Structure formats: C-alpha cells, structure tokens
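Two complexes are shown next, each including chain A; its partner changes from chain B in the first to chain C in the second.
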Partner chain A sequence: MINLKAIKGKNGWIFACLIIVTLVSIVISMTVGPAKISYGDIFQCVVNTCNSPMQDMVIWQIRIPRVLVGLVAGMGLACAGAILQNVTRNPLADPYLFGIISGAGLGATIAILILPNQQTLALPLAAFLGALFSVVIVFGIATLLRNMNHLLLTGVAVSFMLGSISHFILYLGDPFATNRVIFWLMGSLTRVEMFHFYLIAAMVVITLLTIFALHRQIDALLLGDESAESLGVNVNKLRLILLALCAAVTATIVAYCGGIGFVGLMIPHIVRQLVGVTTMPLIIGSALVGGCFLVWVDVLARSALDNVEIPIGIITSAIGSIFFLAIMYRTRKTG
Partner chain B sequence: MASGNYMKVLSYLAVILVSFTATKALATNIKHNLQESTPLPRIIALSPHIVEMLFTIGAGQQIIATTDHTDYPAAATKIPKIGTSSRIQLERVIELQPDLIIAWESGNPSDELARIKQLGFKVIYSQPDTFEDVAKELRLFGQLTGHSEKAEEIADKFLVDLSNIKQQFANKSAIIGFYEVWSRPLTTIAEGSWPQQFLDICGINNPFAQARVGYPQINIEQVLQANVGVIIQPLAKKQTDENSYNWQKWPVVPAVKHQQMITIDADVIHRMTTRSLSALLDLCQQAEKSRQYYQQADS
Partner chain C sequence: MSHLLSVGALSWQVDKKSILNDISFDLTSGDIVGIIGPNGAGKTSLLKCLLNQHKNWQGEITLNHKPLKQHKPHELAQIFALVGQNSPPIFDLKVYDVVRMGLLPYKALFASDNHRDKADIIQALEKVGLADCKNQFFNTLSGGEQQRVLIAKALVQKAKILVLDEPTNHLDIFYQHQILQLVKALNITVIMTIHDLNLAAHYCNRLLLLDHGNLISNNSVDKVLNPETLTQVFGLPCYRDDDQQNHVPRVYFSPMPATQQVELHNQKQGEHS
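Right after this comes the complex of A and B.
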C-alpha cells in the first residue's frame, strides 16, 4: 500500500542519513540536562535499573518524555507545514497562520483565569478547544467567501481578532495571569509526560498514514486545481481533509507544548532543497528533520543557560528565522 | 547519733539532687537527640519574598534553592538558583529532593507546580495580598520549618508596628495622591492591588481606586482633572529617573506646581515582607510633610 519507491532512488542515502542522525540525536540528547547524572548511570537506568530513585525520576519522568515529545512534536509541526504548503501551493503556509496559536492562547487565558487550580487538565483542553475554534472560524469564513485562496488571509485576520480578545481579558483580569499566559505561549516541554508522547505520536502516525494514502492526489494538486480535477481528484474534499488533519495535529501539540513557531514554516523549505517537492519524500524528510531539530532545540533550552530554562519557542524562532533567511539568500544566488 | 542522722539526710538529699540532675540531663539529651533525629525540612523557596520571610524567622539556612532576583538579605544571593519566577528546572527540583517547596501562587507557573506535585513533592503556596496576610504566612512558615516560636514573635511585633503606624496617621486630613507604577504606558493602582493599602493607611486618596482592574492604565487627561496633590514614584535601585514619567511638562497638576513628588524604594514597597512597614512609614511621613506644606500654603 505504501509506495516506498517514492522515497528510494537518489534520495535513499539522504533518508538513511536522516534516520541515523535522528536516532543518534535521541540517544545523545538523553545525556544532557541540568541534573548531573553520568553517562554510565543513564545507560544503567535505561537498560537495567537506576542507581537511585532520584535518577529514576529524572530519566523516566522528565528527560525521556521530553526527548520523545520533542521528537514527535517536531515531526508533527514540520509535516503539517509541508502538507499546508503543498495543499495551498503557498510557500508561506504554516499551521500557525490559521490562528491556531491565538486560539490556543485564548483558551489558555480563559483556563488560567477561571480554573487556576485545575491546570493539568483544564489548560491543555482549553488550549486545544481554542485552537480548533480558531480553525473552524477560519474555515467557516473562507467557505462563506467561497474562496479557499483567502484561507491564509482569513487566518491572519482571525488570529488578530482572537489575540485582541485574549489581551482584553488579561487586561481586565489578574495582572499575574498575563505573565503566565505569555510564558505559556512561548512554548516549553518542561511539563510533558509519557501520556502526551503517546497522544501526539498517535496524531503524527495518523497524519503520516493519511499522507501515504493520498500522496498521489496531493502531488496532482501541485499542478493546479484544474489539472488535479481533470485527473479525477476531488480538490475541495481533499483540501478540507488535509487542512482538518493539520489543524488537529497542530492543536494537540500546541495544547501540551505551547507555541513553538517557525518549525512548520522553515523545515519543509529546508527539506525541499534536499529531496524536492514531491509529497512523499517531502513529508518523510520533514518529519525526520523536524523531529531532530526540536530534540536539539530542547537540549539547548534546558542546558544553554545556567540555572534557567529558555522557552523553546524563542529558540525555534531565533534559529529558524536566521537559518531561513540564509537559505533564501543561498537559493537567490544559485537559483 | 544525731550527726549520723544528719549524714543520712544529707546523703538522701545528695542522691535526690544527683538523680534530679541526671534526669534533667537525660531529658535534655533525649530532647537534643530527638531534634537531631528529626532534621529541619530542606526547602525550595520560589520567590524573593518567600526567601526573605524565611530568613526573617530564622529558616534561611534551610533553603536549598530559589529563583532569580532573590537579593535580600545578602546571604540569600548565595542560594543556588533553579529558574526564574516563571520557569522552574524540574530536573533540579528532583535532584535536590526538598522536603518542602514554597511557591508563589500568582507568580509561579501553575502548570509546572502541578507537575511537581504530581511527582510527589509537598508544595505550599504563598499569596500575601495584605499586611495581615504577611503575619499569617510568617506564622505558617514558622510551623512548617520548625521555627514557630520566633515566627510568632515576629508576626506579633509586625502587627503591633502596623497598628502603631495606622494609629499615628489615622485621623489625618485626606490628600489626593497619584501612584505611578509605570510611565510607559502610564499605569497606576486601584482597590485590590498590594500598594493601595499603603495609601489607605497614610490617608492618601487615590482618584483611581475604583477602577475595574488592579493596575489600570491611565490617560494623562484623567490625571490632569484629578487635582493631584502628591505624586508617588516608587523607584527600584536599578531603575533610573529617566524611566519615570516626565511630570514637569504638566505644571497644571498641583503636585508638580508645588514640587510635591514622593520617591520611595520600589524594592521595599513592592515586596510582601516585614520590610514593607519601613516603606509604609516612609510614605506616610513624606505624605504628612506634603499635607503640612499645603496647610501652610493655605494659611
């Protein structure tokens, strides 16, 4: 069923390298963190039993969930970005441009103000609902406008609208809640646990399986709506399914990790330079590079500064923007 | 015979004295051993005001980690830091294995604290919104850290000092004051904020006390209309005058016209600890000077 030929051929060695780099990244990143645990102890902990309950807690309840959630969140965001860019044929498409982060922010704001003592459940749930709410509004308005090309513009407008509602609620509410919402929006993997990994991983697997099933139709879409329709593709239905899928995976990631910008926009552009625009290699490459990228960004977040954790969204945006500009510059010169 | 009886009585007395001393020594020893066998809790304090309160009640040595900006007393600067008020390094918390974590309810990240609790650590919240809360929390921290006696003593003294200041400035004529929290945008205070109680005690009328939010942003037009007699500018040590609002542009405001500007130490007035009373007294005394200035000007 899965067309492996699509990712074989000249790209084969690239994928082999990416898989090896990803696996090595997972292993190395587990050894980095503010708690001082030797490599030997970590190895002992993973393959056998830990030397102390403290090490057991740090490795199994904090570090491994963080690395794994970082991996699948990076995969999910990069895939969602790649799908959106191919489906809308817009290089600027990014899951966050649909107002997902503003919607999640509004949900988080309401949860933090109304249920300050129920953060474990209420915060991710409200953020998830807020993110879905924004996507539904964006789709609704774009459908009313009868122009799916206006999807991104609608997303930008809805993003500003939901953002202003959040700011107004925060201004009228507890002054300290503002801090919490702002820091929450900067993104972090500090609070994640294994359950979140299973949930996000399930969403990413569903996304990948859907892409494997529909990759030919998506490739047809790259030729233009009319060409795709002449090839027998139901363009509107396909676009709606894929947009809903991207929204669901991004909303789940945002709910547990907060705002992690630029991954969805940047990674597919990098991967396109490596493996081209065809959907299958692009999605698989984006998943591997995105996962690897976020694992390393989280390593930086927890170890770059002494005694202080850096919000992950700051690093993704900082590295992402510079890298992105560099790639554009390089493409301009060669292309 | 008689001397024999005396000797007997004396020897009984000696035995009683020795056994009494021995019993007392034993009791002291047992008490001492008991204290040694139940060591005082090791604490992570996640805010500068909590650290300061713990030092005040004599529990400073039990703090094993804290967050950034913990700068008082001087000994507190040497405590290892495990994050900021808004981000905590969970791995370090687990590594340090504290007996107790005291967190700032509104300032620390609630989701990370929920995770810390989930991992099995004991978390106690601090949220002093009024002077009375400071006394209450001093007592609570005393019970939790094994310094009840000293904490009770300090809390009692704090409340007595507070009551004395309240009495001293109770029946003063009201003076209208503007409290400048921040200059860009111009932000003040209202009911429900920590500094409002300072104005209430010092007899300073806040024209914006009834605003809907604790820290409202204000249009300068509203200040011009309010007939403000004193302007209060809390200034942190690291902050320069340039950060304050340029009031000299508005001589129409009585406080500017008569140069009734009050500067107070922001680090002291905005930290919910026993030191806040020195800021309270300072503010009340400066407001009293302004009051006398206007009374003399009127007469």
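Right after this comes the complex of A and C.
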C-alpha cells in the first residue's frame, strides 16, 4: 500500500506542521460562533455528556457537522483543482470551469420552482443532478470535438448556456424563488448535517485513493501527452477517469454547500510553492491546506458580522481575487 | 544475427493520404540508425508507428520476436524510451522529478520509490553529467542540458532501444556534438530522426533515407550519402567531400536561384501526386 517514505524529508516536516495546524484549527473553530462555547465544554461533550441539552444540540448538531463538512469540502475542492490543473496542464483550471456551478444552479432553480415544499431533499439532489448533467454535456462536446484540450473552453461555453437558462426561468418565476437560488449559489455551511459530512468524506477518500494509485501516471502528464504515452500511460483513459472523479466530488460538495469558488484554483498554487509540483506531495498538501482554509473561512463567515452570516462563497471569491492580483503583481516583479 | 526490431511493408495513411509506403528494415542490437529526409518525408510518423502511438498502420512490426500490437503499453515502455519534442512543463518540475518519471513502466499502482530506484536516478544523472543539478528546475536549464535530463530519464527507463526525435534541434554546434557523443557512449541501440546529414554521418552506423513516405535507401552511411540520390531527394545540388581526418562522409548543398528552386519543387510535387 501507500509508502509514507515517499513524503519524508523537508516535505515531511511541512506535512507534520500542516496536520497540527489542521487539528488545532478544528478545535479552535468549534468554539467560535454566536453561542459561547469553551474548550472545556467541547471536551466535556466529546468525552462525557454535555452540561445542558442546549449545548448538546449546538455542539453535536451545529458546530461539529459544520466544521467537519467545511474541512472535507475544502479538501475535496482543493484536490479537484490540483488534479485538474495537472491533467489539463492549465494553471487556471478549476472544477467550476466545467460548468458545474451553473449546472447545479439550474438544477436548484428547477427544484425550487417545481417542489417548493421538499427542499431539504429535492434541492441538493437536483443540484447534484444538474452538476452532473453539465459535466456530461461538457465531456460529450469535447469528445465530439475529439480534443480533450478544449474541455475547459467547452466548460465555459456550457456554463454560460446553462446560466442563461436558469436566469430565464428565474426571470419568469417567483421573486422569492430567485432570492433562494441566489443565496444558495453564494455558498453556505449553515444547513449541513453529519450525514453530509459522511457523504462528502467518502467521496474525498475515494478521490484521494484513486490519485494515490495513479500518482506516477499523473506526474508523467506534466511533460506532455506524447511523453506520457511513451511511458506506457493511456492518456485519454487516465484523463477521463480523473476528470469524472473531480466532477463527482465537486458536484457532491456543491449539492450540499452551494457555490464555493476559487478554493480549487487558489490552494494548489500556494501548495506548489511549499512542497513542489509532483502529485503525491501536492495532493496531500492541497487536502490539508484546503480543509484548513475553508474551516477558517467559515469561522469568518459566522463571526465577522453580528447576527448576520456572510455566505462563504463571497469570502472565498474576495480572497481569491486578491490572491490572483497578488500573483500577477509577483509575476510582474520577477518576470 | 537476431533482430531486435523488424519492420515489414509498413504503410500508414491519414484520410486516404499515404504518409508511409511499404517501409521495411531491421534493427539489430547495438545499431545507431539515423532516419534522414526532407520535411514531410515521414520521419517522425515512422517513429510514432514504431512506438504504436499511431494505431491504424498496416504491415508487420516485430519487436523482441513478438508482434508490436501484442505488447502491452508498459511492456513497450520497457523496450522503447522516447526522447522527443516535449511540451515545456507549465509548473516548476525539478530535474530529479523528470528523471524519476522513467521508473513508471516498472511500478505498480500505489508504489513509491525504494533505495534502489533513487540510486538508479542519481546514477543516470551522473552518466549524463548532471548529478549536481538534480534539485534545479527543468525549465531553467539550457536546451542541451534539458536533452541530457531526458536521456537520463530514458536510462532509468532501462529501455533496449532509445528513440530520439530531432535530438539536436535548437542546439548550438557544441551541444549537438555533446548530445550525440553521449548517446553513442551509452552503447545501446538507437533510432533517431535527424536533419543534419553530416552529424548523422558522424554518429550513425546506418541511415534510412525517406522521401514522401518511401524508403529510398537503407544502408551504411557511405552508401546512403550518395550525392546524386541526395540531389534528387532534397532538390538542391549536392556535393560530397569526405572528412579525411575522421574518415567520415561529408556532404554539402549549394543553393540554386529561386526560380529554379520553384521549378524543381513543382516537378517533385508532380511526381508524387
């Protein structure tokens, strides 16, 4: 199985620090929020019983699911971004560029309009189906064009197409439904439950195991398709497996957390500076930094303003755009 | 003598246009074979058919006494190592990571590198004289150094045949000789496409001359570098003046007036259409 010797040395220390930071972040983030909860209360609840039913509810039904879903969602988005960037050889690749968010948006729009009273189940399911629908269309068109390099451009085109259908439906429909869809698209961890954590965590584990299995093949793509083929890699099959995997994990996250942009784009760029560009360290690093990042963004979302929660996607997009300007500034200085 | 690679009546077409026509030749262990010919002669297409990267070719290719199509991709990668025209990496790959890719055909899923793999990588880098650069970024090396790193990757791949696609492209004269001297010193079987006929004469022991997908000549360097044949194939007057010091054939071409070039070009096109 996976030999951890591969990640020793300088990277080993970085990973050890990242694991400690992640664990500490999980604990600290559980104490932050509108209800005052101390470290002692959390310890008491985890090892014994909570001091009050109210505390029991806040810790077990709100804080823990929220922090854990934030962690695995961040892990999944960052890993999907890192893999997409490596397999498409495009540093700007992001899971959302497949039209996943607009596909999920269309699904959510239809669910809100058709089944307004069944939204706990119908909305995430419809969003998931919408996201997959968009991915299938993008793959289908790229296959027809016989050029997987056009995948991201096709994604952008399909994204606009599905977005315009959603906007048309919303324009003709109920303004209340419009508000709900827009709010959902901004991304939030307010309504997550432990069940969502299990589901997203399972998808993230499947993704990580597949990537660990295929890490050498993915590395080979970094020198181009021809070089990878000469090393015995079936490039088209590998690319299809990995793209489908990224789409599935992102669609699951989008279905329960809404649109959280820029994590998949931003985190791998930071991690490459820390641990290098090869797949194993990049994925482990992206999972840890991505998870940690989203946990803290959610802390900010629930504590920055009194009595109001900021949608998490607004914060990730704001940080992401500043990050990109910073990268451009740095490139200008060095290049 | 047994042949490592045997090609019989190989043809390849794209959209009913013939790219390779009835090509037959053998490759024996220890050969250094150069594929020469003008642009569009089918040199790189021939290499891609050998690597099974072009799938719908016709004819017979036997590799290690087994038909090429019966080899699994990882088995092919254990026989052929390609040093080709790579796309420049978009991320900062280290030299060590590039050479490490050569381990791929021997590794199972999930497998990581053991001590022997690491020793092999360092040894390969030492052979190409770049052991000190293992932590440098591949992108920051010169063209010649990058080619040497790719040769080190091929050594880690432990392939029986080294396939080089225009290995001296974009290199200055010093690096052109350095790369080919290195290749020759490795003592393995080599098949390469090469534009510079005099370099080919220096380092190859056999040449395949291609023109419009046809194999015009398959023989020793001395016989293939025939001025009359080369004048016919390249469309410019060719002269031969052998290098007496190194006992190597040497050819040069003299330019002709532009109008005459156009006439000859049209005549050649007419012959092949």
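In this text, the second predicted complex is superposed on the first by the 322 of 335 C-alpha atoms of A that agree within 3 Å, B and C clash if a C-alpha of one lies under 4 Å from a C-alpha of the other, contacts with A are read in each partner's own complex, and residues count from 1 in each chain.
To be clear about the criterion, a contact is a pair of C-beta atoms (placed from the backbone, for glycine too) under 8 Å apart; a residue touches a chain by one contact, two chains touch by 3 or more.
As the structure is a prediction and not an experimental result, all values here were calculated from the model.
With the C-alpha superposition on chain A as described, chain C and chain B fit side by side in the combined arrangement. Angle at the C-alpha centre of chain A formed with the centres of chain B and chain C, after superposition on chain A: 150°, rounded to the nearest 10. In the superposition on chain A, A:Gln217 makes contact with chain C only, while chain B stays out of contact range.
Of the two partner chains, chain B is the only one that A:Trp184 touches; chain C does not reach it.
After overlaying the two complexes on the shared chain, residue contacts for A:Gly40 are found with neither chain B nor chain C. When both complexes are overlaid on chain A, the residue A:Glu226 reaches chain C alone and has no touch with chain B. Here's the short version: in the overlay, chain B gets within 41 Å of chain C at its closest Cα pair.
Shared contact residues of chain A with chain B and chain C: none. If you check the complex, the residues on chain A that touch chain C are 1-3, 5-6, 86, 89-91, 212-214, 216-217, 219-220, 222-227, 229-234, 272, 276-278, 280. Chain contact summary for the complex, chain A toward chain B: residues 33-36, 54, 57-58, 61-63, 112, 116-117, 119-120, 123, 171-177, 179-180, 183-184, 188, 190-191, 193, 302, 307-309, 311. Those residues of chain B whose C-beta lies close enough to touch chain A in the complex are 68, 80-92, 94-95, 97, 106-107, 109-115, 118-119, 212-215, 217.
On chain C, the positions that touch chain A within their shared complex are 51, 53, 72-78, 80-82, 84-87, 89-94, 97-98, 100-105, 107, 109-113, 157, 163.
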